[in-house]
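Chain IDs A, B, C and D follow the sequence of writing; residue 1 opens each chain.
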Amino acid sequence: MNQELASGFTIAANASIAVALAISALLFVIGLVGFLCRRNMIIMFLCTELMFQGAALAMIAFARLRMDVSGQVFVIFILTVAAAEAALALGLVVLLYRKRETLSADAWSELGES
Amino acid sequence: MIPTGSIPQAVIAPELSWIGLALLLPLLAAVGCALCCALRVKGKAAAILTIVALAASFGIILKAYSSYTGPVQVPIFQWLTFQWGTGTFQSFTANCALYIDTLTLYWMLFVTGLGTLITIYASEYMEGECGAGYSRFFFGICIFLFSMGALVMGDNLIMLYLGWEGVGLASYLLIGYDYSRPSAVAAAKKAFIMNRIGDLGLAFGIFMLWANYGTVQYSELFAAMNKGGQSSVDWDVSVIPFLLMLGAFGKSAQIPLFTWLPDAMEGPTPVSALIHAATMVTAGVYLIARMYPFFELHPQALATVAWVGGLTALLAATIGMAQYDIKRVFAYSTISQLGYMFLGLGVGTTFGACYHTLTHAFFKALLFLTAGAIMHGFAGQLDLRKLSGLRHIPGWRIVSWTMLVGCLWLSAFPYTAAFFSKDAILLQALTSVRADFRFLGWLGLFTAALTAYYTFRVWFRVCAGPTHFEPGSEEHHEPTDHHSDGGHDAKATVGAAKSHGAFHPHAPRWAINGVLLILAVGAVVVGVPAYEHVFAHKENWAQQMIAGSSAYQGAGLPGEHSAEPSENHPTVLGMDAHTGLTVVGCTASIGGILIAWYLHLHSRKSADQLRAALLRRWWIRWVPICMENKWYVDEIYHVCFRLPMWLGGQILNFGDRHFLDGVLVDGLAKIPIAVGKVFRPLYGGALQGYAVTMAGGIALVLAWVTWIWLRGFN
Amino acid sequence: MPISTDILLIWISILFPIATALIVAIGPAKSARWTALAGTMVSLAALTMFAWNFPAWHNAEHFPNTVGASWIPNAGITFAVGFDTVSLLLALLSAFLMPLCIVGSFSAITERTKEYYGWFLVLGASIILAFAARDAILFYIGYEFTLVPMTLIIAVYGGTERRIAATKMFLYTFLGSMFMLAAILYVGWEHRLAAGVWDFDIDTLTKTAIRLPSSNQYWLFAAFIVGFAVKVPLFPLHTWLPLAHDQAPTAGSVILASAMLKLGTYGNYRFALPMAPAGGADLMSFVAILAIIAIIYASLICWVQTDAKKLIAYSSVAHLGLCMLGLFALNPVGAEGAVFYMVNHGLSTGALFLCIGMFYERYHTKDTDLVGGLAKRMPVWASFMVLFTLASIGLPGLNGFIGEFLCLGGTFIAEHDGKTGYPGVLGPWYAIVAGLGLIFAAMYLLILLGKLVWGPLREPHGESAHAGVGHANSSTRLPRDLSFREIAILTPLAIACIWLGFQPKPMLDAIAPCAEKMLANYPKEVERYMAESTTAPLASLRVKTTDESRDE
Amino acid sequence: MIDAMSPRLILLAPEMILFVAAVAVAIMGLSKNHSIRASLPFVTCAALIASIAAVPMTWTNENAHAANLLLPMLGRFVKPLLAGVGVLLVLLSVGSVDRRLEESVARGRIAFDPQRVVRGEFYAFFLLSVMGAMLLCNAQDLIWLFLAIELVSLPTYIMVAIGGSGNRNQEAAVKYFFLGAMSTAVFLYGFALLYGSTGSLQFLEIRNALAAQSAGSGIDTIAVIGVVLIILGLCFKITAVPMHFYAPDVYEGAPTHVTAFLAFVPKTAGFTALVLILTCVGWTGHTLIDSDGVRIPYMGLPTPIAAILWMIAILTMTLGNIGALLQSSVKRMLAYSSVAHSGYLILGLIAGATAGIEALYFYLLAYGVMTTASFAALAALERRGEEINSFADLAGLRLRHPVMAWMLAISAASLVGMPPFIGFFGKIYLFIAAFEADQFGLVVAAVLNSAVSGLYYLKLAIVPLVAPPSARSEEVTSVPSRWPFIAAVVCGVGTIVLPSIAGLLVDAARKSTQSAPIVSTASQSESPAGVVAGPDSITLKSQ
């Protein structure tokens, strides 16, 4: 395959980075699965945070691999945005909870093709 | 003297364009009549206009005849002419131009002449219609005369076609003149459509001529024929006569397209006389005579014409024997006589055919006009069982005796003009080297006997015998003029007439009687060429006329210029052909008349007894039944053509609406909707449902990428 | 780009009706009809003035032959307008019919009049634009936009099934024109490849398209023919037409039949045939067979129609089938006939629709089983009806004949033997089968006449001939026979029908170079034929090598 | 670096204006003075107009090139486009936000309570979202890109929730937010992978790195998967398959004026982001014509990306169109139509740099105008105080609200691609671009889809104009504010008038989308003629 990949990605050479990447993928997938499976909106939101963090972890790992600091800078921004989203999500969830007295996402399925 | 050996070449003579007035005048008269229609003129202005125009046309033709020197081509204006290159097949020329040769003049003389006379007759005959359809009637007549002129005088086949369809239109309009009668409307429609079928053949004949010779102008076509008629390309030239004859059969009511003519008698009688007896129906004869060289190219074509003519003559005669409507009898006799003309053309005597056309034009017009006079006077009564002894009624003598003249001529009574003309045809047939033509000759003689019988059946029934009559159901010629609006008034008067009980036939006046007399005289006079020839041994005028035209090849008198060696000199019944035929022909004619005399004058009951006797015997029963029912030809056509097509139309109509549109088109529109419904569950409304779908989509795409990757991209 | 008087006249004829439409839309409803009439008259006058000074009657060139103002330079779209003889004739026909239709609608349209006349004006402008366009996209704009007003005219002012009819017409023709658009763009792209710039000038595109390899031309031709066949309409893509005609108001039917359908045949004349000679030459028999099927099929259906308007609609299918047959005979005779027939079909069928509309306004039915024998009640109407029916039947001496005759003649000689110098696989048999259509035409139209005009008088119960009963609005009360207004509508058409029947020469002369130019690239297809078919009937003509024909 | 900063800051002038206005609007919204609160939309409009005016003044050639942007002139077209359509979107929202509350206050039923008003926030978010979309034009690295996209998205979530008074707003908001968050995570992960493969966040460097990979042994799988994830994530913003499923629900549930916003601003942002990313990756399927007229096929870029975009385009337009066929809700139908139009727009992406981007932006302009026209017409009407939704509400609209009926019809005609409306030219130009990229199959697919779309757009025109009024539609009235009406008329007229200057607009779009010349790097080898690696196409296209 790709020579550059082969040189840069062998587990022997950069085992720790590979592990980090694997974990990041795992985080992302866990987040996704959680998002799909759980009905509680707060947990769903937390799952998306998990996906964000998976991406952030991958970014850091790559930054380490590339010996480049910009990836880490990106992670800071990701955290910031995640925080902003969290604030938004909480506000929204509270609003929704007030309306329906439930946190289940299934409570909100009036729209759609019947 | 005859034949000349080739078709004389026409010269271009623009200075003769005044002959075009013979076309223009009827057309202008038509416009005038249309104006009369539009302005609802109550008087006879339309008739006067028409008569003047037609008489002037006749005069012009006479003048043209008197100053005739040789075939001329008279350009008038460019009509259907264009070109896209300079090569042979890169132009199409069909101008409004005239081609004047002797055949043209021959035809135009009797067309315009008879046209004028019959219009005079009609001006009185139709007077009851003044203010209603009078102008419309003469409009039709003018259109007809114009079209007939174009047909005969046109310089090319497209002009001929214009006239051909034009006379069809006039025929349509005039047959359907009394449009409130459904039978008249149906007859008009039938006439037009049957003619259309023939016209299509003619059109394709024209295409074929153009495709072969690159021109549709007579002069160029004849020039090509003079060079041997070889086409410059390898189209099948031999098809041409068959296509053309289809047109002729349609127009001249021959098998298989003859059924329209009897129905056409729904039209006013002058129309029947002019269009459906004297002139229009002879257009087929004219066409074949005009295009005779092309028929000569293909012997089978002429044989076909001969057979069709012979069989039509017989068939129509058998039907005519069993009809009770006078006009229908005459109509079938017309078909029968046209059959003779085609027989003549087919066996090779254009002279015989054309001469018979001329004689027939006179005596048949005469017969129709007498029938019309009767109809006019007896409130539409035409049933020969309900009229008798007319010659004893005051005021009807002229009618009766002129009718006798017509009947004698139609029966080819010895030494009448028609006798000679028919003789010419049959002689040619009987002296032919072909056995089948000789058979057709005998068939023609047999038919002649039948003709004599049914002709005099009419005369003996109607004009002779004790006087009694029943008026018809129509009463549209009351002197009190109630023709303002609709049929209600007419019905009312019928009722009134019936309630009166006494019916007085009103005898014809000068216009009708005068025309009848002139026609009777004319019927005699047209015999002059034959008498000249037979008695004075002078040159035959009719023959001259034919010989100077494209039909020169059959213009000789039969037996005179026979190309065969003298040892093969044809004989009839062991006698010299001439003598034999005269004897047999006289026998047939007189025999037929005598039988008619016995059955229809001497003891009229015996005719009914004979019919009853025939009907009693199962093995012969079909003959009278078929004859009375016109051999079921209409019914056969209905079942074979109209019914399947009507059914096909219904099926297609249904299929168009419900299958093509309903299933295919609407179904096509429903496909996207159906597909849309398939995807509908994906938009269920649950948040997580969407999330799963999206994640699934992402997974699918990633799987696909992986697959591509495994296959190795780049 | 110099703005000459000619260009100005063309744009006046297009834009003035649109401007009038705006005036109609904002003006009072009472004067809408007269304003609209004025708009169409100005349009007609402008076109007539243009035609008066038209220098290209006999040389098949476009005029004005100047580059149009650029519209979207990157895409090569311009405002180029100009006429050649054929498009000018068709545009004149449309412009001629517009005022008649407007006047013809005076009594028929009693509500929403402003919109009606406004849309009619836009429709007319759009049709003229399509004919005038020298830029393919501009053509498409005119061609396609006709659908909008027509759909609305049918959907608002039509019969009981008007919405279905309008929807079907819109979608069907819209689908068809999508193919055409793709084809135009494709040629544009090929031009882009060849010349490096986008250009949608029709002449330029034609020059590009004819250089394409045969296989590409097939596809090009197929796309065009599908697009235009819907509009013509050619069997089996015709099913929208009877419904649309049946439901449309009279004037809508007239314009639909006389002008809009001509866009389809005109499209074939302008795009499909000149641009893809290889496709045209090889697929001509296919199209011709469809055309012949259309003739027979529609004729038989006409025979059993009891709805007078549907009958005329189906007869349009049959007649235009003949027109297409003439066009696809691929020789000048057929093409000449087809173009002539386009104009004449417009006149006679439009007039027939007007006639049917006039009696419909009086009796509120089109069913020939219910109404008949009107010659008694309405002799003037009957005279016109008979005249136009005869013109439609193709009686010589009237306009219909010449087109029919030439179309059939062209088909007849379109046999591939190099005689005419054009490729052809049709020939007598095609012509004979198609010729049956002439007999059928006589049959069904005479049956129509026999029912509607002749015969004993039949009127629906409760409907006296004194019309206006059904109308609440007394201003639309109609006389028993035709009013002066109605006679004034029909008379110009009648004059045109008779005049063209007797004096076709100027028009034939004018069309001939165009017909020849349209087929200019076909003679060399003969050589390709010869080279490709080993069993060509005339091997002697096969002397020319293929290379010569390819190197064109 | 400092030198490079100053032109970049100057380029941000429009955004600065919007930002200041956003803050001001947020504060003004709390004012007790009714007229100040009522003036908020117009302040917003003023800000947007000011930002339009700022663009030509600041976005000069020198500044743009000094800023080292990937597509230096992009903002010159996109920013005025966003702000211009934004003005219309603001107009169409006038009177909708806080309507109940303001009515109650005006009637004196309740006292004014700054805690309950949201109008100020709404317009602030509106401006921030537009600003985010604008900022995308200035993006030169992935961080900026990410932040800008989030700046576009986050306010829209709130706008959906607070923009109206309907019960369905919250449902739409929750769906939009959660699914949006998921999609954000997806493209974020894609960013990470792209970064990992190329080692840089800078677009220009990414481009160079990918070019080098391509010229070498081919592009990294990691990079390809990264780009694919980015595309998929951004598909959410542009409502493309497979991330479009939320669109019908959200569009239907959101208040009409917000739906109009969603249909345009996030979509433009998404496409701009995609344009930037794909510019880094290069464009596939080029055909170049050399001086001899020979066509050189450029199979430069990763087949999978081209294939995926191809598939997405076809599926998007198809699913959008056939989905719309079934709808009885107008807004839902317009949502599907929005999906379908994204499918057409992806044609521009696939067509790429030759003419694709300009076609894409031209089409976005057309789409913005015509879809805003339809939404504005809907927003101008209401039934018993509820916004109108079903076709039954529109039946016979012509009788009582003729202008809105006509505007709906015009927008439908334009959306279906009927000449001579602007939509037709947009489509033509897209098709031309697709031809330029040899994507004949896509054109055919789009053409067939256009035909299918006729089925439902016709309904949108016929129902208001022709159908007889129903019991429901008798109750339809205009909203109190005339501004949605005006917005509809402006947009409707725009669809008719804009074609006349289509040439200018296309030209502007073309000029704005020319990319920066490739900085020649040592790693890039000279490619032989014939099959050339991707990035070269970028230089060639700017000829």
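We take it that a residue touches a chain if its C-beta (ideal position, glycine included) is under 8 Å from a C-beta of that chain, and two chains touch if they have at least 3 such contacts.
Because the structure is a prediction, the values reported are computed rather than measured.
Fewest steps needed to get from chain A to chain C, stepping only to touching chains, is 2.
Core chain by CA centroid proximity to the global CA centroid: C. Two chain pairs are in question, A-D and C-D; the one with more C-beta pairs in contact is A-D. Centres computed as Cα averages put chain A at a distance of 26 Å from chain D. Computed from the mean C-alpha positions, the centre of chain C lies at a distance of 42 Å from the centre of chain D. Rounded to a whole number, the gap between the C-alpha centres of chain B and chain C is 36 angstrom. If you average the Cα atoms of chain A and of chain B, the two centres end up 96 Å apart. Among the residues of chain C, those in touch with two or more other chains are 171. Annotation for chain B: residues touching 2 or more other chains are 669, 680, 683, 685, 687, 691, 695. Shown for chain D are the residues that touch two or more other chains, namely 174-175, 178, 182, 186, 217-218, 221, 248-249, 326, 455.
Contact between chains, using the touch rule, shows up for A-B, A-D, B-C, B-D, C-D.
Across the complex, chain B is touched by residues 174-175, 178-179, 182-183, 186, 214, 217-219, 221, 224-225, 228-229, 232, 236, 241-243, 245-246, 248-249, 302-304, 307-308, 311, 319, 321-323, 325-326, 452, 455 of chain D. Those residues of chain A whose C-beta lies close enough to touch chain B in the complex are 32, 35-37, 39, 105-106, 108-114.
Contact residues on chain B toward chain A in their complex (touch as defined above): 680-681, 683-688, 691-692, 695. The residues of chain A lying in touch with chain D in their complex are 1-5, 21, 24, 28, 31-32, 35, 41, 44-45, 48, 51-52, 54-56, 58-59, 61-63, 65-66, 68, 70-71, 73-74, 77-78, 81, 84-85, 88-89, 92, 95-96, 99, 105, 108-113. Of all residues in chain D, those touching chain C in their complex are 287, 289, 293, 295, 355, 358, 413, 416, 418-420, 424-425, 428-429, 431-432, 435-436, 440, 443-444, 447-448, 450-451, 454-455, 458, 462, 465-467, 502-503, 506-507, 510.
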